[in-house]
Amino acid sequence: MEIVNILTISLETAIGPVAAVYVLAVIGLNLHFGYTGLLNFGQVGFMLLGAYGVAIGVNTFGLSLWSGFLISVGCAVFMALVLGIPTVRLRADYLAIATIAVAEVARLVYRAEFARPLTNSVYGMQGFADGFYAANPIPSGSYGIGAVDFSSRQLWLMTVAWGMVALGLLATYMLMHSPWGRVIKGIREDEEAVRSLGKNAFSYKLQILVLGGVFGGLAGAMLALHQQNLAPDQFMPEVTFYLWAMLLLGGAARTFGPVLGTTVMWFLLAAFDETLRSLPPDIMGNAAIGALRDAFVGLVLVLLIIFRPQGIIGNRKEMLVNVK
Amino acid sequence: MRTYLVTVPLAVMAAMLAIPVPASADAGDGESLQGQISAPESDDEGVEGIEILVSQDGQEVATATTDADGNWEVELPDAGEYHVVLEEDSVPGEYELKGPAGPERDVTVGADKAFTVVYPLAPEGEAEASDDASSEDPSEDPSPGGGEESAEEDGDGAAGAPAVDSGDPFGEQVINLTVAGVLYGLIIGIASVGLSLIFGTTRMINFAHGDMVTFGAIMAMLFSWVILSPGVDAVLSGIPVLGLVNPLVLGTVLAVVCGGLLGLGLERFLWRPLRRRNVALIQMFIVTIGFSLILRNVLLAGFGARRQQYPAFRIQEMWSIGPVSMTPRDLSILVLAIVVLVGVASMLQFSRIGKAMRAVADNRDLAESSGIDVNRVTLYVWGLGGSLSALGGVLLGLNQTVYWQMGFHLLLLMFAAVILGGLGTAYGAMVGGLAIGLVAQLSTLWFSPQLQNAWALAIMVIVLLVRPQGILGRRERVG
Amino acid sequence: MSNDTNGGAQPGTVSSATPNGIAGLAPQPGVDKPDPILRASGVRRSFGGLTAVNVQNLEVQRGTITSLIGPNGAGKSTLFNLLTGFDRVDAGRWEFRGKKLNGMGGHRVARQGMVRTFQLTKALTRMTVLDNMLLAAQGQSGERFLGSFLPFAWQRQERENRERAMELLRRFNLEAMHGEIAGSLSGGQRKLLEMARALMVEPSMVMLDEPMAGVNPALVQSLLGHITSLRDEGMTVLFVEHDMDVIMGISDWIVVLAQGEVIAEGRPEDVRSNSAVIDAYLGAHHDEG
Amino acid sequence: GGGGEDQTLDYGYVFPETGDLSHLGPPQISAAKFALQEINDAGGVLDSEVPEIMSGDEANDAAKANDAADRLIDQNADVILGAASTDMTLAIIDKVTGAEKMQCSGSNTAPDLAKDNDTEYYVRTAPSDLLQGPVLSQEIASDGHQSVSIAYRADDYGEGLANATADALEENGITVDYNEGYDPNAPNFDSVVSDIEGADSDATVLVSFEEGVQIITGLIEAGIDADQMYGTDGLNDETLGESVGGDDPSIMEGFKGTAPGSGEGFLDELTAYDEDLEVFQFAGQVYDCAIVTALAAEQAESTDPTVFVDEIQAVSREGTECSSFEQCRDLIREGEDIDYEGASGPIDFDGKGDVTAAAMQVYGFDSDGQHSMLGTQEVS
Amino acid sequence: MSESPTDPPRRSSADDAAQEMQKERAEVLQHTDDTPEEVDHSGWLLAAEEVVAGYVPEVNILQGCTLTLDEGEVVGIIGPNGAGKSTLIKTVFGLLPVRGGRITLRGNSIVNRSAHELVSSGVGYVPQAANVFPSLTVEENLEMGVFLRPKKFSERFASVSELFPLLAQRRREKTGALSGGERQMVAMGRALMMEPSVLLLDEPTAGLSPMLQDEVFQRVRSINETGVSVVMVEQNARRCLQICHRGYVLDQGKNAYTGTGHELLDDPNVVELYLGTLAKAE
């Protein structure tokens, strides 16, 4: 396949619906880690709950899509509280493992056989997104500039998802440039000091945990709508690590970090994948190609950090102080 | 539970022979219905004289009566659907029909097929209880209940087992699972000591640790293949000492060396340069993710996706030590793991280099200022961590199977073990590993095995809530 | 060593000017004060076998500078931790401005108007010095989640706070550093920031844990001036320090802690001549004056 | 590529190149390529050569599978083979069929798929578990076992087949003492072994892929003989004897299982085509997918899926039997109504795109531990 | 402040950092090459001349500082907070990269020597903050002091615990739990364990009770009498200058005043700007 084609596909991926979904989740992570310093390694858990919120709402309880969304948000809030109330007092690295564990337990429970009536266990859920696409105001067809084009369904999804992203960015910006955000950043540095100044660090941590979790939940919900299908095993811990990579690539504690990191990462991944696939098959055998592709993703991550440790728009000075 | 097999290993063979020769399927041409009705205590002893009625579309096709061995057979005219009824009146008084399926069955017999219809019997009066057990949804009926009952009613005494019934099956299962849990826990412990050490000295969460575990296991596998390959084998058996050594022992040693070298190489050529450039820890964490992807997939490409077991360690006979039974393989894992763990913990606690490692963990600059060559110590830590993870991999591979994701699948549990034990404590990984291993295994007494990881992780979270600093960790003072 | 501290040019360093009703008090451990702002009794905390704090009765007079001195490990910082809700007592009760504080979390204690600094400084490393200060301001409407979305509602307040913060920073010689991130401050500068930040809260009582250790003497002097003037404006100060010149120069009242217990209390001159204090703390060198 | 614009029939696949099920990828990929080669050797579809198959990786990850499907649709694939796992099929089915592309999977066996599926663009050549369960159950019954423990990998594959088997067993009066899933990603299966040992049934059924090796080993060590164990297609593996017993594969003597069939002749040809293949699961079914869709296009004289989708059922049943692309194509050209008899079975689609009949193999291990076919059974 | 999304991505990339490192190393190497000519050019035991150093790239905290130490001397460094005193010590001790200037020990350049190498050639250092290993016990902390000569432990331990009896009493306790002053004792104790020939102390008396401060000053004096040369940063400036042979006043990364201890104590400018009038030395 020629280079133009590769670039088009990569570009489509970078601005496409999946990228938007990931940006949402990364915005949540940025609130958690970037600004508050909470090592949340369970963001995928929020996505899981959010995604299943919609699906369960629509499929199991027969609610409307919008109530499904409310359930998503509700589930994310619930998880944030369940996770937060007991664990936010943990040391940072302990919290990291605790969040991973909770997310993983959630996945295992959602896929367990006893959860079948609610989640359809390992079979996952389908057919809950019709309401969303029925509400699509964009006439069907294909829209695009040049070779980059999207179907009306994709476009509808992208409009909603990127719309949420815009709201998320706006919220991040407003919050973090306000005294509220200052307290949050203070907590990142030293919770005890903040408490000694009369701020209820616990409550702030819960607030941000809920807020970031809601973004994770919305991301999950949008992902569910995009795929029109859900399976518990797509919410493996690795997803969180990709989110982290995107956040750090963009630059933590920057409003636009999540957007940049995510789109650049998706672009690279897609370009890479396409290039490999466009090679004649005799260069790389079938068996090895998949493995090597994943290995290359790893290599890209390593190189990105080596050459730009603070991220695309990160602040190197802050990073240096962080270590010393 | 078949303890008797364990107490007398040779009985394994006897037991195999004792299993009844199945009534032959696919016997002859043409369609037929058949079955064997045996007495509840014994699969051998048939029950004679039970009548079976076969009909099709309400028309009687044939009847049959069980012979002395309990066998019955009905030739059918054609493939198709038949209705089979067992005359309950013909069942001898001391037995009754067991199970929810009841005396009447509708069966579909394929062309040229002999279809077997099963009518299990139970001693009079006991059928009710077992009806209840099996009528429950089996998935909601965890093993111990079901296991207990079936163990009692089947008896399976055919092999002439002494005292099968005297042992409490649930108790035995507890013992079995405890042993398995301890073993599993020690393996997790060994594999995660390195993680704990590395985290301790560099504050780095090494996400690639699981793949380093896999690396060790696969290296040992490759080496033992090489050693077993005819040419090398011939050479080695020529050398007096090496000839006697099990190939895996040599393979393990080499794998541990390779693991160590991998660790050393990583520190020297990746982490040290990154640290020099003041790359923050969280960024390094992403690098470990990247490296983990690379290593895992290179192993996949090189080794393939299949599971393998170490040659010459596949199936072993159980040894029994009191109520506990385990294979010699598992016993050696147990012993080796304990020795290594205690060794490492004492090294950390008492030796000079161990103290230096802890000092570096606390404060790199100050350690440097005390005359400790921090870079060298970090190098040692990575070397040691790498070798221990490789050893953990070999042990896990011995106890289970070797495949490209084995360590990766263990990773979360290793993290849990390290955290649970308390970071930076010498015995932390050991205690944490044991706790995780035991919880994972024992949880299956009550819950489905598919949730065993969930329980292990949940326990970790719960313990952290009570002791945020881990089991052995100590709280830091404020102000 | 001479203790002639009155020679200083700074106002208010005169310890004899005790305007706050403790002039006539008997210098006894645990003596009741006429107008205590803080009153603690039976406060006990032990770590394993070690009883770090065991204070039978301690009252701090409103509007004074009270110093808490004692040998290393006497339990001063631990007492601070207990009183301000950063550690849990084994036993005891204490009240501040008549309100019982037992079991109250650190932030709620601070909101009551009792603010402390930490001996091992806690600068908010990756925030600027100014942000460190602004964080300390109380009652900011922009610190509420929804409030933060209404900039026009909090911007005025923010401006005022900023002015006050700059004013304080000037006092503490940190004005030039206001835009730097706090992580790049030197050891002494962190102490200064810690203290300035505590004052930014505008507490009714400030508890300073060795604020002057590592601060340049010339600056110490001007800071003491500032603290006395705050006292004169009505603030209560509880002060832990090992620098006798500072202690003797500024304190209205001194409490001596040793092995967790109050062994002496009194005006500087009482304490200086107390033989128990000399043995336990000051050492021979200091009784020359 | 394709659709209505040009005359080539474009194939793409979504198979596991990476991820947990990646060992299932190579046989399916090879089978698909082999089928295309056969088609091209016979002159292609509608006389134009079928282009190189486009690849897609399902990676056992719904997001990646989606991506792969998106891309294939983007590149105008007419027929998408896959996905291999039911999960991943569910992940992409709405997208693929919504875009009016033909999707055919050779390995989706979950019974519920037919129930949920109301599109004509999706067909599967793999038999539903509802067909396999009873065969396995009969095998156990005819061996005289009256109580059974079932351990299955807790995923869409294992749970469906285990429950289908359990139902069939209980219907036939056999007690199911234990029927539990285990986490296929668990690093340790000792507890599964211990549970089965504790249940003390006459026979054990393992619905496993490769991790079954580990459980079998444990069971044998615990004193349970291989002839009390039954497997499913996941364990239908020539090398199982060596995997378990090493130098002494005879320890597997008596182990039996059932699997959807792939004709022996076909496997020989496939091995000749791709010598590196170690696993052959579902190769025949995928091959049939490729051939049957090509035949439908021939019959409809169009490579547009919206047109040839209507012919899929027709070419698969009722008519003159034929079993290779060339043979069937020639019959079509002669105007005959054909009935494609595939490498894996009769391939007769019902209205829901399920095969109504399948060849089920019973495999077993002999006294040398060698894998052998004990028989084939057509079920419907 | 901490965020400016509108900023164009900063040019200082990883390359900058790499370049920075390289530049620094190149300079370092250049100096090493120079050393043969410089051997003994000054005769100082320890000499840092025109040192330039800093933490963040492009920001120099030290802008040409000079510090010399003769055999058997006690040298004090005083100055306002943030002057760069600690930075100077850290740079001399090899904990910060040197960006310019020379540092020699007994005439040999030590510019690119790592700290642990300096320790083995007889230099000891007590940092200002974070000067204990919190998760090690008191005893283990002290052991770290004699890390390179473990055999000496018991002998040295006896003499250190004579100075700070508390250390012996609580030898099995984790340092992390100790009070600020107690930690300071551990830190001092660690340095005294070393028996170095050059001792760099950064505010050794901060947080100690007056009695112990006296002890420390006396002890510094007495170990100096045994031939150990000491560099001491102190905010307890008067006391420090009283026992120092010479003193430096640092301000804003540069030397402001230099002289013998008493010269500085008597210099009205120094008193006004750096010593304050609150306390006067006897």
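Chains here go by letter, A, B, C, D and E, matching the order in which they are written, and residues are numbered from 1 within each.
As a working rule, a contact is a pair of C-beta atoms (placed from the backbone, for glycine too) under 8 Å apart; a residue touches a chain by one contact, two chains touch by 3 or more.
Keep in mind the model is a prediction, meaning the values are calculated, not measured.
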| item | value |
| --- | --- |
| Higher-contact pair (C-beta pairs counted), C-E versus A-C | C-E |
| Chain whose mean Cα position lies farthest from chain D | C |
| Chain at the geometric heart of the assembly (C-alpha centres) | A |
| Chain A and chain C: spacing of chain centres that average the CA atoms, whole Å | 46 |
| Centroid spacing, where centroids are CA-atom means, of chain B and chain E in whole angstrom | 57 |
| Centroid spacing, where centroids are CA-atom means, of chain A and chain E in whole angstrom | 48 |
| Mean-CA-position distance for chain D and chain A (Å) | 34 |
| Shared-contact residues (touching 2 or more other chains) in chain C | 77, 86, 116, 118-120, 126-127, 131, 181, 184 |
| Chain B residues counted as touching two or more neighbouring chains | 139, 277-278, 297, 300, 304, 448, 450-451, 453, 478-479 |
| Residues within chain D bordering two or more other chains | 18, 22, 154, 181, 183 |
| Residues of chain B touching chain E in the complex | 276-278, 352, 355-356, 358-359, 361-363, 365-375, 424, 474, 476-477 |
| Touch list for chain B against partner chain A, complex | 139-140, 199, 203, 205, 207, 270, 274, 277-287, 289-298, 300-301, 304, 412, 415-416, 419, 423, 448, 450-451, 453-454, 457-458, 460-461, 464-465, 468-470, 478-479 |
| Interface residues, chain D side, partner chain B - complex | 18, 20, 22-23, 138-139, 141-147, 151, 154, 166, 170-183, 185-192, 194-195, 197-202, 210-211, 213-214, 217, 220-225, 227-228, 243-248, 251, 278, 375, 377-379 |
| Footprint of chain C on chain E - complex, ascending | 1-2, 55-56, 78-87, 128-129, 166, 177-182, 184-185, 203, 206-214, 235-238, 272-282 |
| Touch list for chain A against partner chain D, complex | 9, 12-13, 18, 108, 111-113, 121-124, 126-127, 129, 153, 223, 226-231, 233-234, 236, 239, 277, 281, 286-287, 289-291, 293-294 |
